[in-house]
Amino acid sequence: MTRPTSEASLTGVVPPVCTPLTPEHEVDVGSLVRLVDHLAGAGVDGLFVLGSSSEAAYLPDRHRRTVVETVVAHVAGQLPVLAGAIDMATPRVRDHVDAVTAAGADAVVVTAPFYTRTHPAEIVTHFRTLAAASPVPVFAYDLPVSVHTKLPADLLLGLAAEGALAGVKDSSGDEGAFRELLLAARARTDITGFRVLTGAELTVDAALAMGADGVVPGLGNVDPEGYVRLYTACRAGDWDRARAEQERLCALFRMTGVGAPSRMGGSSSALGAFKAALHLRGVIACPATAVPQVQLSPEEVGEVGKYLAAAGLL
Amino acid sequence: MTRPTSEASLTGVVPPVCTPLTPEHEVDVGSLVRLVDHLAGAGVDGLFVLGSSSEAAYLPDRHRRTVVETVVAHVAGQLPVLAGAIDMATPRVRDHVDAVTAAGADAVVVTAPFYTRTHPAEIVTHFRTLAAASPVPVFAYDLPVSVHTKLPADLLLGLAAEGALAGVKDSSGDEGAFRELLLAARARTDITGFRVLTGAELTVDAALAMGADGVVPGLGNVDPEGYVRLYTACRAGDWDRARAEQERLCALFRMTGVGAPSRMGGSSSALGAFKAALHLRGVIACPATAVPQVQLSPEEVGEVGKYLAAAGLL
Amino acid sequence: MTRPTSEASLTGVVPPVCTPLTPEHEVDVGSLVRLVDHLAGAGVDGLFVLGSSSEAAYLPDRHRRTVVETVVAHVAGQLPVLAGAIDMATPRVRDHVDAVTAAGADAVVVTAPFYTRTHPAEIVTHFRTLAAASPVPVFAYDLPVSVHTKLPADLLLGLAAEGALAGVKDSSGDEGAFRELLLAARARTDITGFRVLTGAELTVDAALAMGADGVVPGLGNVDPEGYVRLYTACRAGDWDRARAEQERLCALFRMTGVGAPSRMGGSSSALGAFKAALHLRGVIACPATAVPQVQLSPEEVGEVGKYLAAAGLL
Amino acid sequence: MTRPTSEASLTGVVPPVCTPLTPEHEVDVGSLVRLVDHLAGAGVDGLFVLGSSSEAAYLPDRHRRTVVETVVAHVAGQLPVLAGAIDMATPRVRDHVDAVTAAGADAVVVTAPFYTRTHPAEIVTHFRTLAAASPVPVFAYDLPVSVHTKLPADLLLGLAAEGALAGVKDSSGDEGAFRELLLAARARTDITGFRVLTGAELTVDAALAMGADGVVPGLGNVDPEGYVRLYTACRAGDWDRARAEQERLCALFRMTGVGAPSRMGGSSSALGAFKAALHLRGVIACPATAVPQVQLSPEEVGEVGKYLAAAGLL
């Protein structure tokens, strides 16, 4: 890496990069490179690989390695690359931290432990241990829908104050708690440069108005230009334009609901729609999602296409 | 493998084997071998490694490999060895299935996907895919406290009927649903040899009276003789003796509550007590649990000792 | 009241009495009286009105009053009558305690607060306040599926020791915790006569083997003789006969699943089946359940009939 | 009532009015009237009585009646009065609808059923039945933290389209879903005048920017002028001023955390702080909250006072 992850670089639009698969369920490296170009070309500020939108929960270690190596090599320091180190508890997560940083990730993103039942004091030890072992900054990933724990603001800020956390990606959907975190971080004199990013695709204008540093939108795979315009309008204080752009993206986001809940889980529906859209837009070669996810039907893919068309993306 | 996992062998007492660690948090192979001898010497019917009581959620892959290789080599076919393949979703679980079966496990134990949000149809695909890939029988691990999904009886039995599942370890704590599963399995003519094991330490006599095939008791690490006596009494229909033995074990189980909930999570308290007891009994060299679990205080270890003494185990 | 609720009377089979409604959704007093006779004639040991199986959550106060007055008057002291005082928090529950005891209930049954978020210390105050206000014994109703709080054993036994609780109806479905409660109650020398009743229809033999004092089975509306036989067999220590009777009742209980989950909630399906069965057996005049519950379809009622026939009840 | 609840009137700031109690736990009518004057004098647009902030879960029917009669009489048509009809299921809620509308409420506010397990089709029947019975408009109250059901947007809008719902008070804290609701409502041509109010005190500026019609802030009891200024700034499009006012209110809101979670539940802490603040500000005579809530300690009340002072409210 020639380009350090300075504080300043970890703001803006940082899409969680989908992982294109071949029909044989291997990583489609060519499509992944095209996807990175698609995102970088739109002007995003960073890339987040091996998160939930990347299907990290499904990807075997060899796939994870391919993903991070491919993306790091391709961006060649032009953009910071954050990498998820998603696993159940500290020692296993540690191995992923080692792997992604060896591959060149500029920062790692770590959830609270899951599968196990942990006490807040144990969550603190978890992050502290990983931060001590990581050669790059650690971001907390607040994702209660997956790990069934909400990271409290005081826990995060205590870790920030001791230098163990560089920031947080908040995908909790709890905007009240998000604002409390932002205000508490600002009020503390012992914390500087702590980055607060939102993963909530539908309320980016609100989050930025509240003071968030950036956004990690899954839908940004499909329409990165939209999120870049949204971010730019917010930073310029042009809230009317921001709201219009955000509402256009909200309409586009409805593609995540085309997969019938009677047939598939929420992950399958959302990731299936993102990948179908990327396929329809010509970015990736195959829309398959990982096993055991149910694939969208041709009719459902047709619905995704209508949302793209309505948004001017086809 | 010289000894096939016949249907008959997967009954009885099958303790989930704790994973002894050194103070440096490596697998303590010598202690693990002693623990296996401690269990085998008590007359247990099988061993389950790399489950929740083994701290599988914490163990890095290299530790998991050491555990299964050590235990398989040491028992040398004298007891069936079941191995957990605990990970988030199908492709990652697949790698663990490959690893533990390459190391000689007689059967694999697999949960529903977690971290992701899955539909029942996806859970079916998950088990079906893994069964097709596994050279040994697959047991479902019903553990809602960890994976936040309860496996429905009709899902399990449909998979059993098609040969994808050899049995289930039920750690749901839902004894009504457990009995419905047992009765439904018995009523179906298209299912034979489906093994239903309970992970509920406190209601083994009840589960066996209902028709369960065996028990996978975490507390069995501490007092395997007790569970063997309990199982034997139940099989003999001596319910008074079974009840007395079970109640003695219930009293012993209270050791899992010595760790203060204000200081640690439920895993730390239960696994910490089991390991402290094994250490006090001279079976393992060090009672450490994996990071980030809080360790029992000396006073709490003293409480564990009192429970052992009261149970005649010191 | 001419007949005190002695300790001895609150054991055995105490069905939670369904509330028959007219097609106009008034309480059908004639059917209620017939239902009471149906239960009393089968030899049950007590009656529990205004619980969940009585649709207490739906019944307006005037209906609740009619129910308790009707049942108390009709049994005329020949059986103890427990009455639910189901409402959100202490002052509202207090009014129901006053109402049902004015109407002659021999004991009241009270849940933890719901709708509000309460601390264990507040739950203690809740029960303590109501016990101080009640002229009759108070039973705790442990029903996490409805109130989203599990009552811990130490909380219950602390209240028992100070005389605030006479017993508990455990509908938690957590048989491990149930056994811990039973053993803890037995171990305490400061508690006498604390009654532990299970609401779990499918594991009555197990609960009685563990030491439970009685059972409050919703299915007991449909087949009270079955539960009386089951209880008698358990008390006689004839566990084989008990198991056979329990398994027959488990098969009958499957009627609660005939209502399609795609069309209705779990309450509608279970209560709808109980009322359909009572109607088919000629006990009540109309099988209607309260608004907004979805009614069973004719086909689903037909399925209920098949379960009755298979159990020899038609 | 001489003043109809026109669509136009149900926008703006509509505080959920706390219910002052005497030390003997009766409704303190004098304090309630002063609180209404305090709110009306600040320029609020309506009042919501008998909601969660009013401790409706605790108030006996006679207290509920006193509250609604007192407030309706005192405002004398100068402000619309919405009244909660909080109870478990339809027939019981119906009685509260009758009671509060007989007392003159301009609209009723109704949650999904709770305590029971309901299907979405049953929730639709619930609202439809109550709307048919109510002489005034019905608002849905989306409060998953209390009723454990999130009201889906399509369910709400279907009921709006058929005239059964006049609006929704959204206290779900799910701002993404809130925005989807707002956009879906706007997109439907078969719905007019459906009012969407947020109960989220910390994100009012965001909600109004998204298009919400109004706000129902519990903290508005303490600082109604603040919320009126905030609303006014938002309506004027002065987002910088709005943000500053909102952040001042966020700082004030931290008073809800002074009650120690180790001693009391979340309701006790929040409602205790609001009432302590109203007492310190001289609006109500006694800060007591209803049984079984734990009262704030003198030190905790002192902390509340510091927040008031910091906000310039003492």
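A, B, C and D label the chains in the order they appear, each numbered from 1.
Here is the rule we use: a contact is a pair of C-beta atoms (placed from the backbone, for glycine too) under 8 Å apart; a residue touches a chain by one contact, two chains touch by 3 or more.
Per UniProt, the chains are A, B, C, D = Dihydrodipicolinate synthase family protein.
This one's a predicted model, so the numbers in the text were calculated from it and none came from an experiment.
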Task: Chain labels contacting subunit B and also subunit C - done: none
Task: Separation of mean Cα positions, subunit C and subunit A [Å, integer] - done: 49
Open item on the list: Rounded to a whole Å, what is the gap between the Cα centroids of subunit A and subunit D?
Closed with: 35
- [ ] For subunit D, jot down the residues that touch at least 2 other chains.
- [x] none
- [ ] May I ask you to sort the chain touch graph into line, ring, star, complete or other?
- [x] ring
Open item on the list: According to the definition already given, which pairs of chains are in contact?
Closed with: A-B, A-D, B-C, C-D
Open item on the list: Quick check: in the complex, which residue numbers of subunit B touch subunit C?
Closed with: 173-176, 179-180, 183, 200-203, 205-206, 209-210, 239, 243, 247, 250-251, 254
Open item on the list: Under the definition above, what is the set of subunit B residues touching subunit A in their complex?
Closed with: 25, 52, 57-61, 63, 86, 88-92, 94-95, 113-119, 121-126, 129, 145-148, 261, 263-268, 290-294
